[in-house]
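Which chain is which? They are A, B and C, in the order written, and residues in each are numbered from 1.
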């Protein structure tokens, strides 16, 4: 069963076309989404997770053939889709623990549960500890999120996304701003999550990171999909090489 | 200063503590800046006044009505906050304040510019609370009630949701929080609590006039929250106490009360935007360091 | 030709709105914060204007002096407060602005300044004639407002499009960081804009003071609230939008008072319009993303 199917997505921002007829599917893999700057990768993520309604085309999720663009962003979470952001958005006034807690079953709107139930229960805290341990953030649990360095903030965003119990994880440039050791740790973490059964799509600008990590790659350039395949196929693809060379 | 005068001042302080705490839910927890909170005070006060004067209803009825009606109107008036943020929201709240006061002034049912007078003292269970210590007790109880509500709210999922929305609505959406309804809830509960304070206000003064609820009053309330420390429980309480007591203590300041309010706001924004006792303020960090054994985040800070 | 007369009355009203709103747009364009203390600048302009007029008896000198004083006052406000808060989260300068507004309003009402009463500004139409045609008539004062406003707008137009200052304003209002990156002296640019915007407000204050023959400490409140509404209507930061919106608001107010009557005062109209606008078209009438 295909988890996610992107069908003929085209999108215009005013007069500017950001995406041109992009189609691909993904299942049971770590998929990489790469391309030079301005290729439209983040726009595609925004469309998949419901933040933007595409001008044309549709996104179909899970066997239920749900049309994503009829949903609001907070509803796609309910379907088991979680995302991180290109520019980290931690909840700055909350601690690391509390950031993760927000993912653990926050009612989507003020239900009676939201009004009355406390969030810091023992069972929730256990889950938080589990997630913080997996993402190696446990020693920072009480730090205000704003005070963490960028590498840890990126991990925190992943931890927060994990808390929602996703089946599909959309990571937007998770390795940006990381030094090579942190990037390796991140790679291990992503592989770990994949082996736990979570499917992952990664936008990455860092070619080496993406090639090492992903099983399949989709390449975008100026809104169009110019190649898809295994890392070695893509690396040797002429169009891809030209696209990146053209950037320099 | 007679003891009666002191009691009167303290009664006002208690009412304003409730008001500041209620505004803090909206502005401090949920991050919706409101410069029109006095409108809610007014709606609560007028609801009680109208029910008591025009219909002769007992206190507990008009009090509850004030809470409920103000809460409902609050959720409606919160609708603009769904479309706009920050400065635009401030403008909208200012506008709401203005329109509400105009309604009080120009609609005869509310007594027009002459307001409503002869609001009776509340009678609960046969006891009449005619000012003085009994009324202070009443308002103090309400202040404690408001505090309890705020405290509990911050521990619930909705409190956490408010924090999420206040920090970053996109990130909040990414963990499944639908901002819209939570914002309306924030407006509703903030208004309801202010409405209750309004009822107490009306019964205490015995009369209500439209000019009691103008924009400048809203600024006063916001100052209390910000001065004390926005988003904390202690902040609005301290802010209300300080900014209400101060003018009463010093004649000189009484005449320049608003100049001082204004200057304080500016200075706070320049030097301590998180408030006098806010999370990162000098005073708070100092006093929690000096008080041994008090759990602070100092030992959990980054190495 | 009652409609034409009504329109011309609305036009005069619009002129004062335009000056206030244009000034506010200048400031908002580069500051991106609502400068609520703009009201105080307007009032100070009127005050200085009436003072100078009472000393020298010449309207034009009073206008000039008022504009200069307001301009300088505006720059002082910027330099003492907003300057330090440029990169703070938006709520911080907003509240500082409110604080300043409250402070100045209170101070202006003290006896050593304007006091809590009205005073007259008995400048006649500065030697201008009345206009009496079959279609409409303009009193000398109305003609004065019209001419001064037009003159200032023309000067503003030239300043914005032909000088370096104007171009730097356009750049800075589009993207402050980019503007700084290409070498525009942000500080000087913003300060100059405060000067200009505040001077325009001062002019508005003088004109209204003369027209109503009355100057008082809280006269800035309503005009400045309306100016905010106008710049929202016109699409924040757009000067032509502000001018258009001023005209529209003035026309609506004029005609509404005639038809709806006294259920709500004329000034509420503007606020109701604001609330509706913010709910349904928050990007202004000319709708920009």
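The definition used in the following text is that a residue touches a chain if its C-beta (ideal position, glycine included) is under 8 Å from a C-beta of that chain, and two chains touch if they have at least 3 such contacts.
If you're wondering where the values come from, they're calculated on a predicted model, not measured in any experiment.
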Original post:
Hey, which chain ends up farthest from chain B, C-alpha centres compared?
Top reply: A
**OP:** Report the chain closest to the protein's overall CA mean, measuring from each chain's own CA mean.
**Re:** B
Subject >> chain B-chain C separation of Cα centroids, rounded to whole Å >> reply: 32
**OP:** Let me have the rounded angstrom distance from the C-alpha centre of chain A over to the C-alpha centre of chain C, please.
**Re:** 48
Subject >> Distance from the mean Cα position of chain B to that of chain A, given in whole angstrom >> reply: 41
Subject >> Complex interface listing, chain C residues touching chain B >> reply: 33-34, 81, 84-85, 88, 90-96, 98-107, 110, 225, 228-229, 232, 262-265, 267-268, 271-272, 274-275, 278-280, 282
**OP:** State the interface residues of chain B toward chain A in the complex, per the touch definition above.
**Re:** 155-161, 163-164, 166-168, 170-182, 185, 231, 279, 297, 300-302
**OP:** Can you check the complex and tell me which residues of chain A touch chain B?
**Re:** 49, 51, 72-75, 77-78, 82-85, 89-95, 98, 101-103, 106-110, 113-120, 140-144, 147-149, 160-161, 163-164
Original post:
If you look only at chain B, which of its residues touch chain C in the complex?
Top reply: 33, 35, 79-80, 83-84, 86-88, 90-92, 94-96, 98-99, 102-103, 106, 216, 219, 222-223, 226, 256-259, 261-266, 268-270, 273
